[in-house]
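To start, I am sharing the structure in question, which I have written as structure tokens.
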Amino acid sequence: MNKTFINNLEEVELSEPIFIEALPGIGHVGKLVAEHLIHELGAVKFAELYSPAFPPQVFVDEEGLIEPMKNEFYYLKSQGEAEQDYIILVGNTQGLSPEGQYEICGTIIDFVHNFGVKNIYTLGGLGTGQPVDKPKVFGAATNIELAEMLKGHDVTLRTADGGIIGASGLILGLGMSKGMSGVCLMGETPGYFIDAEASKAVLTILQKILNVDVDIAKLEERAEETRKMISKAQQMEREMSDRMNIVQGEEDLRYIG
Amino acid sequence: MNKTFINNLEEVELSEPIFIEALPGIGHVGKLVAEHLIHELGAVKFAELYSPAFPPQVFVDEEGLIEPMKNEFYYLKSQGEAEQDYIILVGNTQGLSPEGQYEICGTIIDFVHNFGVKNIYTLGGLGTGQPVDKPKVFGAATNIELAEMLKGHDVTLRTADGGIIGASGLILGLGMSKGMSGVCLMGETPGYFIDAEASKAVLTILQKILNVDVDIAKLEERAEETRKMISKAQQMEREMSDRMNIVQGEEDLRYIG
Amino acid sequence: MNKTFINNLEEVELSEPIFIEALPGIGHVGKLVAEHLIHELGAVKFAELYSPAFPPQVFVDEEGLIEPMKNEFYYLKSQGEAEQDYIILVGNTQGLSPEGQYEICGTIIDFVHNFGVKNIYTLGGLGTGQPVDKPKVFGAATNIELAEMLKGHDVTLRTADGGIIGASGLILGLGMSKGMSGVCLMGETPGYFIDAEASKAVLTILQKILNVDVDIAKLEERAEETRKMISKAQQMEREMSDRMNIVQGEEDLRYIG
Amino acid sequence: MNKTFINNLEEVELSEPIFIEALPGIGHVGKLVAEHLIHELGAVKFAELYSPAFPPQVFVDEEGLIEPMKNEFYYLKSQGEAEQDYIILVGNTQGLSPEGQYEICGTIIDFVHNFGVKNIYTLGGLGTGQPVDKPKVFGAATNIELAEMLKGHDVTLRTADGGIIGASGLILGLGMSKGMSGVCLMGETPGYFIDAEASKAVLTILQKILNVDVDIAKLEERAEETRKMISKAQQMEREMSDRMNIVQGEEDLRYIG
């Protein structure tokens, strides 16, 4: 396996779907929102992405079952009032190396471009590193109209204090080169735990923007489940770190072979 | 040399062989088990894998002889009661970079897939970082039937506390995409020395699962030899570390040129 | 997106243009000079370079608008007394990995070579790490005639104390293999802030060498604007650092996803 | 420039030449020996190797002149009593990344293989990290006959205490896969300065093995010159380190752009 590839599980036809990206990141804010949307609205998985740029490992779930590292595409056909199709991207990892991020995000953009995607929403967290009382939602946009729209929905534009790193930024940047526009929504979060509050704040605004209706109360329950799963992920990242340190630090051989 | 490649030493025909992976890792638990199986059952080396993703170095043995970095495939024709062929993978190194691990493990999976492998056993250690009284064997599986089978052999399923990093995990993950199933067996080990006790625990269970019979007592002797060889390997890893630090730290040029 | 590529915005014909490189670097000395030249002389953007070797992120400007990472080529037709065309390269980033630097700088050299470039000026800073009273301009050249020319313009040849790292060095090195010659001009700078003084020193000498006339007084104003923009860039580099540390250090998952 | 390549300066025919590798490394022991051989015996440069796996930088010499990073091949036609041709490899750098080392050393091996090389001598230092009274010469070989030959020339076989990292090891390892044999000679050195004493010890033995005659006294003079040149190289490595730390540590942007 030398290349990033997408495994199609189902042929689907979608009409100019909106693309929502929510790969795991700080506080798992975006991931929590997307998984809630998928569950509440009954989105259907139709494709999986695998990449040699993912961490070289597998997950083990609560039953001792092995799960490969992957990103997953779900679709959602037009819902109620909102005559709109969606593609939602979640997963258990992001790319590890900078070049890997470009390879993966470029593959994702090519894939959704083929479905006619014109608008992108990337969801994430904005880590403060300290307790957050009532999480704000920060945003940025690829054009001035979308930036104005965000302001109209009580999103604080992220001005003059940095950029957007990782898939949530890069997917918008690469999408621009294909003529797509979009926004990034980031829930304010301390960043060092699974943050359902930040996710609720993001979902509340996303709902209004997309004119979709989901039960936000259930998000807290889901956060609880996610917390358990994620503590595993963090441990794996740490083990990965340790392993990398074998090469870069002063430690003995101690990866699991 | 820009690509991972396999050098075939002998043409062999095998009948749906079981694939056992035991590349060097924590406590060298898996490696010790596999080398014992190879020696006791008379497995025959039939292929070698070389890769630019291995560390850029060579080993020097006790006679001052140079040995390239490599992985080695052995086969074993059906033994006594167990009407079963085997492919066993050992070596003096694993891939260095994450992408390198994918390239190497992908090449390995393609290779054994061509021999009709359907079942995989990956062997390793689970490092506790502290003394272990009577080592348990932990496991994980690619499906529920295999997970049940492990439980029936006194294997503790590794639930809710992380994943499997490196070749032992990745080979199972990549194998799944080719329709293979398998398990990972990990001997509990402090992790900072060659651990024959953990290897014995793994071998005891592996023997029962595979219905193979080997002399476990001799494993301790082999562990002794291995200890010597491995202390060299660890030193090389440290030298490698030092070299990498030239690029990443504040040290002067001091690699061996 | 797996390759570095150049997006042509306009077909231009240039007559043996001089190539000026000023990508962001220490004290942003070169960048400030080049942006001033572009603005004062009315240079026109005609091509953009994108690369998977750039940091995997986007910038967000003061209006909350997203800007992809890129390098930008401007041209300038012959000016007043100086019958000379120019290509000027600026951007918001350099390549991240060493191999990425080669890929990007190689692409740049191929591109400008097609326009008939024979002479290169790379502009940068030379960081002292301590306050600088009256910044000197240091230089190096690809041949003895150019080195003599630099001395004639009060440039201190950078002898016996090191080399030139990054795009400013590599572009000259790769250009030499295409038969191009050139010089690097480096303004002495503490290096830890946007240094308009060092930029003025470089511009003063560059003006004389190129026999071009621009208003140097305005450089200070521009430096002020740049300072704001750059403080963002530095923060992004730090966030990038933090993210890399996830893999290499002992920190938890906390990139923005 | 995306690939390692060799630029041929002269067509030469050589008769089963011996290949001597001496790229810069610990104490610059090998480099000093090779440069002395080249100078004293009048070897002629006939090819240069360039690689995107070299550090992304250029050298500046004492006249302020820029020199690209490169490896250089010299040939030497049969000398006096020793009816033997030679290829000698020197340079101002080694590959930076592990994969880069494989790419470069693989290219080197392919190149010298085409000239009919069957025997390789790689020269380096063995760093002790502490003062060395009378430097020993350590060695390792690709077969038992060469190991015996080394013992006959007072070389201490490097047994049971590690391997050989970098080009000096990898070139032998990759050469073995092409049917070449060879030895590595390593002069004992503290490792933190240019060590003419260690070089003299290596040269003394190499002379006897190769039955070549050069003036060893002059080596000390050459060491003096080299010391100056190398202090620059070390500074560049440090600057390179600093630059890498931008990505991996907590520092601000401060590479020379």
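We just call them A, B, C and D in the order they show up, numbering each chain from 1.
Here, a contact is a pair of C-beta atoms (placed from the backbone, for glycine too) under 8 Å apart; a residue touches a chain by one contact, two chains touch by 3 or more.
In this text, all values refer to a predicted model and were calculated from it rather than measured experimentally.
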Inset, instruction - Give the fewest steps needed to get from chain A to chain C, where each step moves from one chain to a chain it touches. - result: 1
Inset, instruction - Would you kindly say which chain has the C-alpha centre located farthest from the C-alpha centre of chain B? - result: C
Inset, instruction - Note whether the interface between chain B and chain D is symmetric in residue numbering, meaning over half of all numbers used appear on both sides, and answer same or different. - result: different
Legend entry - Computed distance of Cα centres, chain D from chain B, in Å: 34
Inset, instruction - Please report how many Å separate the Cα centroid of chain B from that of chain C, as a whole number. - result: 48
Legend entry - Contacts with two or more other chains, residues of chain A listed in rising order: 96, 240, 248
Inset, instruction - If you connect every pair of chains that touch, what shape comes out? Choose line, ring, star, complete or other. - result: ring
Inset, instruction - Would you please name all pairs of chains that touch? - result: A-B, A-C, B-D, C-D
Inset, instruction - Under the touch definition given earlier, write down the residues of chain D that touch chain B in their complex. - result: 22-31, 94-96, 98-99, 101-103, 105-106, 109, 124-127, 139-144, 147, 150, 157-170, 172-174, 176-177, 184, 186, 191-192, 233-234, 237-238, 240-241, 244-245, 248
Inset, instruction - Can you check the complex and tell me which residues of chain B touch chain D? - result: 1-2, 7, 50, 52-69, 96-97, 100, 228, 232, 235-236, 239-240, 243, 246-257
